[in-house]
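Same chain, two partners: chain A is paired with chain B first, then with chain C.
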Partner chain A sequence: MAGTTATAAETRPREEYPRAKGTLYRGDLGMWSWVAHRITGVLTFFFLFVHVLDTALVRVSPNAYDTVISTYKHPVMILFELGLLAAVLFHAFNGIRVMLIDFWSEGTRFQRPMLWTVVGLWLVLMIPAAISMLTRAITELFGGH
Partner chain B sequence: MTTTEAPLSVDKPRSATRPAARRNNFELYSWVFMRLSGVVLLFLVLGHMLIMLFLDGGVQRINFAFVAGRWASPFWQFWDLTMLWLAGLHGGNGLRTVINDYARSETTRFWLRTLLYCSIVLTVGLGTLVLFTFDPNIS
Partner chain C sequence: MTATLSNNDSTTADLPSDAPPIPEGATMVTVKIERFNPEVDEDLHWESYRVPALPTDRVLNLLHYIKWYIDGTLTFRRSCAHGVCGSDAMRINGVNRLACKVLLKDMFAKSGETTITVEPIKGLPVNKDLLVDMEPFFEAYRAIKPYLVTSGNEPTRERTQSIAERERFDDTTKCILCAACTTSCPVYWSEGSYFGPAAIVNAHRFIFDSRDEATEERLDILNDQDGVWRCRTTFNCTDACPRGIQVTKAIQEVKRALMFRR
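Then we have the complex of A and B:
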């Protein structure tokens, strides 16, 4: 990775780059996994906030709860739930990877293959999950009640 | 290689504007908490989502009677209570880190964190209250 990005800078004389300016970090795969971990975490947090409020309606009346929960059964909301699952699954598996990097002595050396493992595991679970949920959304849309 | 006089505009360690270093290990404990709660949440949340979205017809079967049936069991009450507290604190601590990273002024940081702490107290408090006072015979 370093070899490909540094070549452009090395062709110019060093003097053009005073130390204070530094070089722009264009990001490695590990940085993007960190970005994705943040985004999925924040999205999940916002859902948690909404989800506690909608569940709290069981304390108001069965009718109020059933009405609000029925919105989660709408085909569009099933897509949203699939997105939530995608976010949570990535956050969970990448979280395990972060812990292995922190605590396993070989963790940093294997951070990249571990990221591909995370992505692979995510795909293996997301594909059947997507098929199951999309089938349900389509059934709800056409053959539903 | 040339070096400039003041390489980076970072405050000198003893400058008056720089806040004193924290004297406690709060950030260490929060770091450890994120990892411990993360492992537990992995099982609680993925189990919860498997039950709610995939088993026995998924989200289509969820209604008041379904919730009442689940919360009749102390096992699921304990599951949901643990998940609520751990997720609230894990997510809240994560957002605290995000706010600390991106808020540019101390005023913004203060208000965003105040808003965050209020929302955590509201969700975790309300959720706990609902779990402990749930009445399956409410009209």
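Then we have the complex of A and C:
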């Protein structure tokens, strides 16, 4: 240690040298699933935050609670519900994948097939959900009685 | 000059006069390098170079061409130039690779002009151009005691072990300490205090060695808040390793040893 830093002391200290920033790192698929996991996690957190707030309103006044809940019945809110469903489903399935990578000895070997399974399951559930929820939103908005 | 370049005389005219003749079958490619000269520059910046490339060339050959015939100040490490010493890890087209192992035939654009970007590895201080200060990396390596620890009298012959016992840690003996894995890790970029994949790989090599007696000590070091639990299994390290080590698998095995073995 002393031998290697003797010459380095004459030059600038390490903190003064820049670090490479450059382009976006083209990481493994696992990196992108990790990024998506974080984003969907934060989105779900914000939903829960709002949900705790609106439920807490009942302590303030039941009328205020009813007003807020009635705004949720607007068809546009279905889009938010759909987004919430998308985030929760991905976060849940990928969470199982991450746990299998951690606890199952063959988990690292099958991380990619497991990711494709997560995406596949997500699509299988999201496509019918999106069709049914969007048709409901559109009929309520435009085809209403 | 040659058949492939005859319609491209304007670029060949740009080549330095002392450059060797362009070999047959060569194509002109653009090499874009993130450069930094500590004596002149405030920060890193991009420079582009036009160089002739053969499909059998490696990215290292292009860097040599630039250094020898275009700009002698270009600074990078390379020693053996054959993927054994681990000196020339750098970020090529966005991913960590050894410049001496990436073949140009895999880099040519399907259509149009080929541009290859070369950047220093992330997360370590850049001293000059592609040369980074490896000391933080080696500090983490030394911290996990990367040597055989035993007690009692030395045996008069070799310390023997079975084929199965040797096989247990075979994968992690292949490490050449190039830092490609550690500097591909998003956790290492942002925290700076994470031991990093390479240190854990080298700890794994001794933790699972039947002859070693410091397993508990190394597991304790890696149980630290900067240890294995920082790993988020992004698999960037496994993808980056030029020796094909299953880095994430090794890290997970250390995690499981911490959870279930004690």
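Worth a mention:
Criterion: the second predicted complex is superposed on the first by the 116 of 145 C-alpha atoms of A that agree within 3 Å, B and C clash if a C-alpha of one lies under 4 Å from a C-alpha of the other, contacts with A are read in each partner's own complex, and residues count from 1 in each chain.
Assume contacts are C-beta pairs under 8 Å (C-beta built on N, C-alpha and C of every residue); 3 or more make two chains touch, one makes a residue touch a chain.
Computed from a predicted structure; not experimentally measured.
Touching more residues of chain A than its counterpart among chain B and chain C is B. Judged by the touch definition given at the top, the superposed model places A:V76 against neither chain B nor chain C.
Contacts of A:G41 after superposition on the shared chain: chain B is touched, whereas chain C is not. In the superposed model, A:Q111 lies in contact with chain C only, and not with chain B. Contacts of A:D102 after superposition: both chain B and chain C are touched. When the two complexes are overlaid on their common chain A, residue A:G27 makes contact with chain C while staying clear of chain B. Taken together, the two complexes place residues 14-15, 18-20, 98, 102 of chain A in contact with chain B and also with chain C.
By the touch rule above, chain A contacts chain C in their complex via residues 4, 8, 12, 14-15, 17-31, 34, 98, 101-103, 105, 107-109, 111. Chain contact summary for the complex, chain A toward chain B: residues 14-15, 18-20, 38, 41-42, 44-45, 48-49, 52-53, 55-56, 58-59, 61-62, 65-66, 69, 72-73, 78, 81, 85, 88-89, 92, 95-96, 98-99, 102, 129, 132-133, 136, 140.
Here chain C touches chain A in the complex through residues 34, 36, 38, 43-44, 91, 93-95, 117, 119-127, 132-133, 135-136, 184, 186, 232-236, 238-239, 246, 248-249, 252, 255-256, going by the rule given at the top. Residues 1-4, 6-8, 35, 38-39, 41-42, 45-46, 49, 53-54, 58-60, 62-65, 67-68, 84, 87-88, 91-92, 94-95, 98, 119, 123-124, 126-127, 129-130, 133-135, 138-139 of chain B touch chain A in their complex.
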